[in-house]
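Shared chain: chain A. Partners: chain B in the first complex, chain C in the second.
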Partner chain A sequence: MKTSWKEKTINIFVIYIPLIVLVFFVVTPIFWTLSLSFKHSSDIVSEHFTILPDPFTLENYTKSWSTGRISQYFMNSAIISISAVICVTIIVILNGFALSRFRFRGKNLFMVFMLMTQMLPRIIIISPLYLLMRDLGLVDKLASCIIVEIATAIPFQTLLMKGFMSGVPKEIDEAAEIDGCTKMQTLFTVILPVIVPGILTVFSFAFINCWNEYLLPYTFLSSGSKFPLSVGLRYMITQMSIDYGGLAAGAITAIIPPLCLFGYVQRYLVSGMSAGAIKG
Partner chain B sequence: MVSNRTLNRKPGFNTWLPYLLILPAVVFLVTFLLYPMIRALINSFFNYQRTKPKQYGFIGLENYKALFQDDDLLPSLLISLKWVVVEVGLQTVIGLMAALLLNRRMKLQGVLRTVIFVPWAISGVLTGILWMLIFDDNFGLINNVFEMWGLTPRSWLGNTSLAFPSVVIAELWRGIPFLAITILAALQTIPDEVYESAKMDGANRATVLFRITLPLIKESIMYATLMRCIWAFQSVDLIMTMTNGGPLGVTTTFALYMYETSVTTGNYGYGSTLAMLSFLILIGFTIAYLKANSYGMEDN
Partner chain C sequence: MKKLTALLAIMLAAVTLFAAGTGEDKGGDSMRHVSIWMDDMTEDRQDMMEEIIAAFEAKYPDIKVDFTGLPGDATDKLMLGFEAGTGPDILNITSKNIATYIENGYVVDITDMYAEQGNDAILDSAIESATSFDRDGGRLYYLPSGTNFYCLWIRPDWFAEKGLALPETWPEFFDDVKALTDKDAGRYGIALRGGSGAATNLEMLMYSYSGITNYFDENGQCTVNDPRHVEFCEQYLGLYNNYSGEGDINYGWGQLAGAFQTGTAAIIQHNTGSAADHYKVFNGDLSKFAALPFPKSLEGTRVMQRLSWDGFAINSSCDDVDAAWKFVYFICAEEGAEIYNENIGLLPCVASILNDPESYVNDPEKPWMATGSEVILSPDTLFYDTPTYMPSYSSTLTSEIDGLVQEAMAGRISCQEMLDEWAAIMTELYAEEG
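On to the complex of A and B.
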């Protein structure tokens, strides 16, 4: 079908211009921060304003990484996120297996309980959580963040994993059991190899959420050497004189890991969202 | 099933197996989500302040009575209301627009989706920092561009009438993807034939949108906006980063006020009472929202 001249003009106004505005809105803050991060600190504060860095420098990255604390914040973020996500993935695999392959009394209760905890805003329980960590002697220890992040991640990652496991036909289990596999052997030798992409998706979603977590570490941790990137960068802007170049470089450093994983999970976003499994 | 039972060596073990499998999850959820919730409820009946440990004790409903004498409470609730309504309203309209645009078959569709969805993966603190660098008085992009064009630079985050809209724009940036993704997922469930037959009947774009597309994806929009309302009501990280509630409290939402009371100031008792209030507000809101939604369905 040929589109008429009139329709083409309408298309420009209802499709292309809104799209360009939207892309411009999304890209501008990232682009500007990227540009700042490559500017000399003297150029950032100078009267002469340029959009692009001129001259281009890596000084902010090298300085914030070596003399600043960005490298330490990065390591803390990595330790918290990776240990939490490994535990979450294991717990969620066991959960998904139980929910997709067994009928047991209390199954529905467990599902409802998980959905309720998923809806529960953490701001409501943050002060009792802090008190609990104090009683457990975990305040100002990375472990406090790790265990609470595991708990928060379980509900929706379980729903996601259950979806992936239910996609594996039950006949495969039955065949394995006829061959003499126990239930657990079936899980590890038959089901898990099939759902590797699903496991990686759960891993990526959980990692992005843990990496971005702010409220828990901000509440539990008090010494600067323990801060993850989210808290460390927030701390940088409360200083009397803000190092803008370093802040921009730190922000870009913090964005890179979730962005890399985003590329992987993006294709599951649309389908995962319809399953109601993704947090906002 | 019978053959399975005879084949498995330990039938007793298999009845217990699902409980063993979910045990770690149950332990985590009960200890770190359910127990704190119960403790918040208990603390709300206690005088429990970090700075005054000697006054610790059961005080019945005193904390709840104190809600009515709290001069900071109502303003923060109103700011939260404004925050949720403006934020979710804008996110829904623009998210719907983005989803409709991204659902069209066109060149670069994949790239455009990736670009527009990217803010979903960026945290509240980082979004706050990115937009601070845009709104900064001296080094921000907007004021620099304003100066270049001969306009007067403004103190975007320091001015009592500009701070709220500035923070709204930043949160909007981060919130559009969630709505766009959810609505796009719903749009993809509508078969092409629906549109084709509408076209055959001579329906124009507006008719198709309001009579066909929107009614079909209504439920998804309702779900997404409900989730977003709960999320916007409780989120603190972005505002904390950009204005920390200022200037003069114009961006102090109820969630931020609650955090300051219970954690920063260490008034665990009264802070828990505020938490219970917000829990009741959320439950009440969710029930009212779902009811209003299903009443709307009956009309159709």
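On to the complex of A and C.
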């Protein structure tokens, strides 16, 4: 069926122009950061403004990786994020299974409590958490960040996972049990393969949250050699000056892992998010 | 099920091992350990600290210094460390936070330790400034190391182009700002700070204009609404949007530096701490930037804010105060002082460095240092008694007065109204904390 002229006009004004404006606001800062990262520091703040780097240079990247500690911060971010995310994923699979397949007293109340933990701004609980870590002897250890990241991610990701699991018909479980599967075998051999998009969604969200976290590592860690990227990049900003080129190169470096992750899981992610959204 | 249990056990073991493995074991070590945290660090500054620590440890082989360089303003992290008993033995100090640290008992009284040192390496004025933070008894709670010199950063090449002499008095300053403005060429005579830090900047300039040196009179009334200050604000804030850019109303330091460094403004007000940044941006071309002392006041005197000396203090929970003191003295008054202050871009409080023709202070490539040194050592320079000893002074300027300045710039309130409210707020604060 042919689209009428009137519909085309409406589409342009209601869909395309707002989308182009939105994309502009999203893409411009990223483009600007990318451009800055390839400029000489003397060209970034100068009397002669240029949008594109001229001359083009890789000095910000080479400097931050060779003389700076970006590689070390990157490794710390990877250790914290991957450790936390693996633990979170395993725990929320079990939590989600329990909440979606079992009936027990206080289940709804438990879910409400989990939801309530998400209402507290993190800054409010940072002092008691710090004292707890001090008493556990974990201050200035990466484990403190990993443990708290896991603890703070579990409630939301559990509710998300419960939504995915509830989307799988219980008849499949019953069929598996008739075939002799235990509950855990049902979970791992029957349900998990069906909810791969959901698992990837949980994994991605948890990873991004850990990767971008600033407050926890800044509070719990004291040694510069243990800081993750989010904190390490702050070294380029002082009260008096900002190393814009180095900061831009660091920021571009920092977004590569999440970007790759999203690139890989994108097709699962969309179906996963919509599945979780409509099943309760 | 077995696989899952095994997996969970492995994860738990891994996390536990990691936690244990990343700790630092100081047991069985006969060395004396002191820890130091410093904020606003960059990687270059961390290298500089390692150099100082290496020199210190060579001089005191029985003391090991554990250094942590923190990015940005780490006041909140330090406070948490103080309260939790996990803070460092030594910390760097600025005038912004020392009053609070003293009030809460976080830092050690070092008056006697300094007296026992028995020399006068550090300028008396710096020690006097440091003791002013103790409102109870003028005790010394931190050892000053260096200070920023507040000045006007100007474009000498633009002054030369217009055939203007550098301003010595405030009327000359206002004339020059007007003469340097060329809106068609995208040049303004000045960039004003209307955003964060606006009140602090304006205050320095007002007292410099009026020549008044007491912030509160004998009745405890704040002098900020003196008629001469009203007169100054009407002229100075009147430059906004006429001889400065429209966006200045929101300018913090970053934007102010940007306006100067990109050739939009001929004059900004800041301090020598930004010199390294100007030097880098202008590729070391000294014809494009220079530090100029504030013009002389209506009374013919040169008046500046009381110098706020940065320095180092010792945490009250420090186990080895003697070792900590040795390091503090080393970095403030001995070998470490020149390395530290040169790298941070501060004027040192050590007279021998200030007067040494070979020191960085008198390096012809850094003329702003000599300018600053000359002004602060001059007996003709007067300092108004900035009430940084009041713990809430700095935060009040930021939280309450910056907004008033912005309103006055926007023309919503008059300069008289702004200064009257400013004075009322400070008078009330003085009654509580003064």
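The definition used in the following text is that the second predicted complex is superposed on the first by the 228 of 280 C-alpha atoms of A that agree within 3 Å, B and C clash if a C-alpha of one lies under 4 Å from a C-alpha of the other, contacts with A are read in each partner's own complex, and residues count from 1 in each chain.
Here, contacts are C-beta pairs under 8 Å (C-beta built on N, C-alpha and C of every residue); 3 or more make two chains touch, one makes a residue touch a chain.
Quick caveat, the model's predicted, so the values are computed rather than measured.
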**Prompt:** Touching A:41 in the superposition: chain B (first), chain C (second), both, neither?
**Reply:** second
**Message:** In the overlaid three-chain picture, which partner chain does A:234 touch, first (chain B) or second (chain C), both, or neither?
**Reply:** both
**Asked** Does chain B (first) or chain C (second) touch A:131, or do both, or does neither?
**Response** both
**Item:** Partner contacting more residues of chain A (chain B vs chain C)
**Value:** B
**Message:** Quick check for you: in the superposed arrangement, does A:244 touch first (chain B), second (chain C), both or neither?
**Reply:** first
**Partner chain(s) touched by A:86 [first = chain B, second = chain C, both, neither]** = second
**Request:** Considering only the touch criterion stated at the top, classify A:197 as touching first (chain B), second (chain C), both, or neither.
**Result:** neither
**Request:** Give one of first, second, both or neither to describe whether A:139 is in contact with chain B, with chain C, with both, or with none.
**Result:** second
**Asked** Of the partners chain B and chain C, which touch A:223 in the superposed model: first, second, both, neither?
**Response** second
**Request:** Report for A:49: first if it touches chain B alone, second if chain C alone, otherwise both or neither.
**Result:** both
**Asked** Which residues of chain A are in contact with chain B in one complex and with chain C in the other?
**Response** 45, 49, 126-127, 130-131, 147, 182, 184, 219, 231, 234, 237
**Prompt:** Which of the residues in chain C end up touching chain A in this complex?
**Reply:** 1, 4, 7-8, 11, 14-16, 18-19, 22-23, 37, 40-43, 46, 68-73, 77, 80, 83-86, 253-254, 257-258, 261-263, 273-274, 276-277, 280-281, 283, 345
**Request:** Name, in rising order, each residue of chain A that touches chain C in their complex.
**Result:** 41-42, 45-47, 49, 67-69, 79, 83, 86-87, 90, 126-127, 130-131, 134, 137-144, 146-147, 182, 184, 188, 218-219, 222-224, 226-227, 231-232, 234-243
**Request:** In the complex, go through chain B and note every residue touching chain A.
**Result:** 3-4, 7-10, 14-15, 17-19, 21-22, 24-26, 28-29, 31-37, 39-40, 43, 94, 97-98, 101, 104, 112-134, 136, 138-139, 141, 144, 147-148, 173, 175-176, 178, 181-182, 184-186, 188-189, 205, 220, 223, 227-228, 230-231, 233-234, 236-237, 240-241, 255, 258-259, 262-263, 268, 271-272, 275, 278-279, 282
**Request:** Write out the stretch or stretches of chain A touching chain B in their complex.
**Result:** 14-15, 18-19, 22-23, 25-30, 32-33, 36, 44-45, 49, 91-92, 94-95, 97-99, 102, 104, 106-107, 110, 113-114, 117, 119-132, 147-148, 150-152, 154-155, 158, 174, 177-178, 180, 182-184, 208, 211-215, 219, 230-231, 233-234, 237, 244, 247-248, 251, 254-255, 258-259, 261-263, 266, 269-271, 273-274, 276, 278, 280
